[in-house]
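Before anything else, here's the structure in question.
A, B and C label the chains in the order they appear, each numbered from 1.
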Amino acid sequence: MPGQKFGPAWFPGLIAIGLAICGALLVRAGLRERAPLFAMPQWMQRQRPRRAVAMVLAGLVAYILLADALGFHITGVLILAVWMRALGASWRVTALVAVVATVVIHFAFYRVLRVPLPWGVLERWAF
Amino acid sequence: MRKLLLAALLFAASSALAQYPQRPIQLIVPWGAGGGTDATARIIGSLLEKELKQPVNVVNRTGGSGVVGHQAIASSAPDGYTLGLITVEITMMHHVGLTQLRHTDYTPIGLVNADPAGVNVRADSPYKSMKDLLQAIKSNPGKMKASGTGQGGIWHLAIAGLLKDQGIDPNALPWVPSNGAAPGLQDMVAGGVDVVPCSLPEARSMIDAGKVRALAIMDGSPPALYPNLPTLKQELGTNWQIAAWRVIAAPKGIPADAQRTLVTALKKVYDSKEYKDFMASRGFGVVWADPRETAKFMAASDANLGAALKAVGLAK
Amino acid sequence: MGVLAQAFALVFDPYVLWVILASAAFGLFVGAVPGLTATMATALLVPVTFFMPPVPAIASIVTATAMAIFAGDIPSCLLRMPGTPASAAYTDEAYALTKKGEGELALGAGLVFSVIGGLFGTAVLIAAAPALAEVALKFSSFEYFWLVVLGLFSAVFLAHANPLKGIVSLLFGLLVSAIGLDNPAGFPRFTFGNAELAGGFTLIPIMIGMFAVSEIIRNIGSIDEPWEMAQTKIGNVFRGMWTLTKRYPMQALRGSVLGTAIGALPGAGADIAAWMSYAMSKRFSKEPEKFGTGHIEGIIEAGASNNSALAGAWIPALVFGIPGDSITAIVIGVLYIKGLNPGPTIFMNNAASIYAIFLVFILANLLMLPLGIAAIKCAKQMLRAPREVLMPVILLFCVVGSFAINNSIFGVVLMLAFGLVAYVMEENGFPVAPAILGMVLGAMLEENFISSMIKADGRIFAFFERPIAGSLGILALAVVSVPLLRRLYRAAR
């Protein structure tokens, strides 16, 4: 780095040293206690929670991938519906809440707080 | 049902044909809320809103010393619904290798502001003039320190370029990177550094509070804020000038009619009393250039700053 | 007519009072929604203030920010989602209380001690602004470096069960803060040529992910079991507040003092104040072992601290035009536009307006009591919704909040990634709070260390040469070494 004696590698370097020391200490403690390498949460063994968590994560990934193209409104209603169904809500409640929540968020964030939520395919009807 | 569909189609067709702008416009600011660029964007946004009869939403896209925001403006859809307030850094960053982006990646709408660099010292420092200061830097290389932006930022370049221009090694005044002019000034008043080159509106409250002394301005004429402040030309006889500027721009390739509408609206905003009053109250300088002149202005800035960055050894 | 009478007339005007009420509601909303911060509330208010006279313009900002910092405690307590970064320090503690069925106590303490802290900070602002501002201006990078180091030691106190795992979590946070271009050298680190990575990782989406998303995953993972949140009752939030005030007067005072001081320092605001106060509370507590299990003491101290920091930040802003935090950075601009140029002369030239602003501070803090209760009641209604409806809606709020901070989908990516990381960390006994602290302080630590080294030409001793820096440095070293020495002494005996 021209004109600079203390370059960008200093800080991450110090952190790396700290992590290495702590890591070694933790490994020692772990070996002494004969702890398992990785703790698996209980719900992983049961089907319903496993499916619900998977749907939540899949919904978030879907939002990341689709929000710009489809727009916030369509994606929002869709993932809300998927999540609520996965958690066991009835179709009627699902449809109602998904639409109402999306509309409320639209007004609170887009209108009042001026967050530029993407319109996606609805772009030409944006207001 | 069929009627409804027809109505929707008609609505779609009519809105496609209607005049720009038909929906809200985004104005992206590459710097954080609270800074000078943000304030400028917000006043322009609220006045443009009145001219264009559509909401203009100011959106901060910060980070990466401006790279993220500038990138977001350049890579948004060129439909006239995303604008940005691009700053002098766009003609500096690519020389240092931080980004591929250049000023030619934008459609200029208009130059709206420029603030020349001032040179500031602590109010109780022994240096009363630029000559004193430069003499002290020259005779004790490396002892005094300066701050006010990040490494390779506009104010760093301003002082390094001046030293080079005066035949002094830029390394004789080591740069302490800071998160902007305000922390730099605070550090200078606390006795941490000796010189802060920054624009006068940034130093104004400290100058008025009697904590900071401005020595000179790197501009062609004395500033409106402090008419008694000498220019570098008067003090040292040099032509070294540098200013931070702000340009309203759109991504490259927006429709010609959208650009025309925007230029007309922006010119009206620029000429408005509200804009002039606002800028004067903050001490910001106002300058106008139409798209063609703005493009030329940015090209000149790019060439000058590129040469300066190379000369002081900051560019690769 | 006296200046004070003029000030009263300026504030108790129907229009001004209306502005204060409207901004209060706005502030409560913004603060309660994760992802929206008090700074953002201020930025959104700026265009509105263009069209107002000076006093209502400033009043709207003062009120909205005070409400937002308190309101951040509400989702923090009920859902383990800090509404603003200033609540992050005691989110786990408040949530633990709610789980024990004492959510009422946590919310009440958050509200009442926010008000006390806010009023204390205001009193200091009125009484001692010029003198304190002079001291704040003596802080250069050396002093800040030690201050940040002291803040980092809080991490050790934050790790309740296993200090070693707490330190690993802290180092992880520091490492995350090193990503991007915004480092002293302006050099792209860990960016792999990606513009989003060059921008660095924004704290807010990470915070939402680490606290809220990980908690939602845990909640949904236990979907077969009955929901414990349903039993939380919230009646009179003021019940027991008087007892608390009598039992912990020292904590409330200490939190207010430290908060005001940190707020007055340029560059450190309400969030850092809350972390340091929480750690301080545990360090000096008679029952430190109860911290982290749903113990009210830390919430009192940190809750008072973050609201007093808000007022403290105005001290350097009014006296020298130097922002004490990101909110006052915006305020200074508004002051100039309204002709209230900050500087030592502001107390002479614009006395009536300044006293009017002080009055607004007091009024806003008092108004927080009734409005705060209303907000808590509203939030409580929300919890009545069945879990299969509530969780998806909250998650969508999290998504929008993570997007809103930088208007970038990358925020949602960060939220998801760090939500998973935090879930795995917690399942394996690593506390999340120290990681957040590391991200808050990482950039400050590096900047001030590197700046100081450049200024001192690499001499370590320069860190002790200035009087304030030297004292802070010795204090910091003492905080680490005293417990160590004590342990050695005990081992030797």
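One rule holds for everything that comes next: a contact is a pair of C-beta atoms (placed from the backbone, for glycine too) under 8 Å apart; a residue touches a chain by one contact, two chains touch by 3 or more.
In this text the structure is predicted, and so the values were computed from the model without any measurement.
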Far-end chain from subunit B, centres as C-alpha averages: A
Pair of chains joined by more contacts [C-beta pairs], A-C or A-B: A-C
Rounded Å distance between subunit B and subunit C, as computed from the means of their C-alpha atoms: 31
Computed distance of Cα centres, subunit B from subunit A, in Å: 36
Cα-centroid distance, subunit A relative to subunit C, in whole angstrom: 23
Where subunit B touches two or more other chains, by residue: 58-59, 151, 174-175
For subunit C, residues contacting two or more additional chains: 40, 184-185, 407, 450, 454, 457
Touching two or more other chains - residues of subunit A: 1, 4, 114, 116
Touching residues on subunit C, where the partner in the complex is subunit B: 39-40, 42-43, 46-47, 50, 137-143, 180-182, 184-186, 188, 195-196, 198-200, 202, 266-267, 319-323, 326-327, 329-330, 332-333, 336-337, 339, 341-345, 406-408, 447, 450-451, 454-455, 457, 466
Complex contact set, residues of subunit A against subunit B: 1-4, 114, 116, 123-127
Residues of subunit B touching subunit C in the complex: 32-36, 38-39, 42-43, 45-46, 58-65, 67-68, 71-72, 96, 98-99, 142, 145, 147, 150-153, 174-179, 182-183, 185-187, 189-193, 204-206, 208-211, 274, 278, 281-283
Subunit A-facing residues of subunit C, complex: 29-30, 33, 36, 40, 44, 164-165, 167-168, 171-172, 174-175, 178, 183-185, 187, 189-190, 213, 216-217, 220-224, 386-389, 391-393, 395-397, 399-400, 403-404, 407, 409, 412-413, 415-416, 420, 427-428, 445-446, 449-450, 453-454, 457-458
Subunit A partner contacts - residues on subunit B that touch it in the complex: 11-12, 15-16, 22-24, 26, 55, 57-59, 151, 170-171, 174-175, 313-314
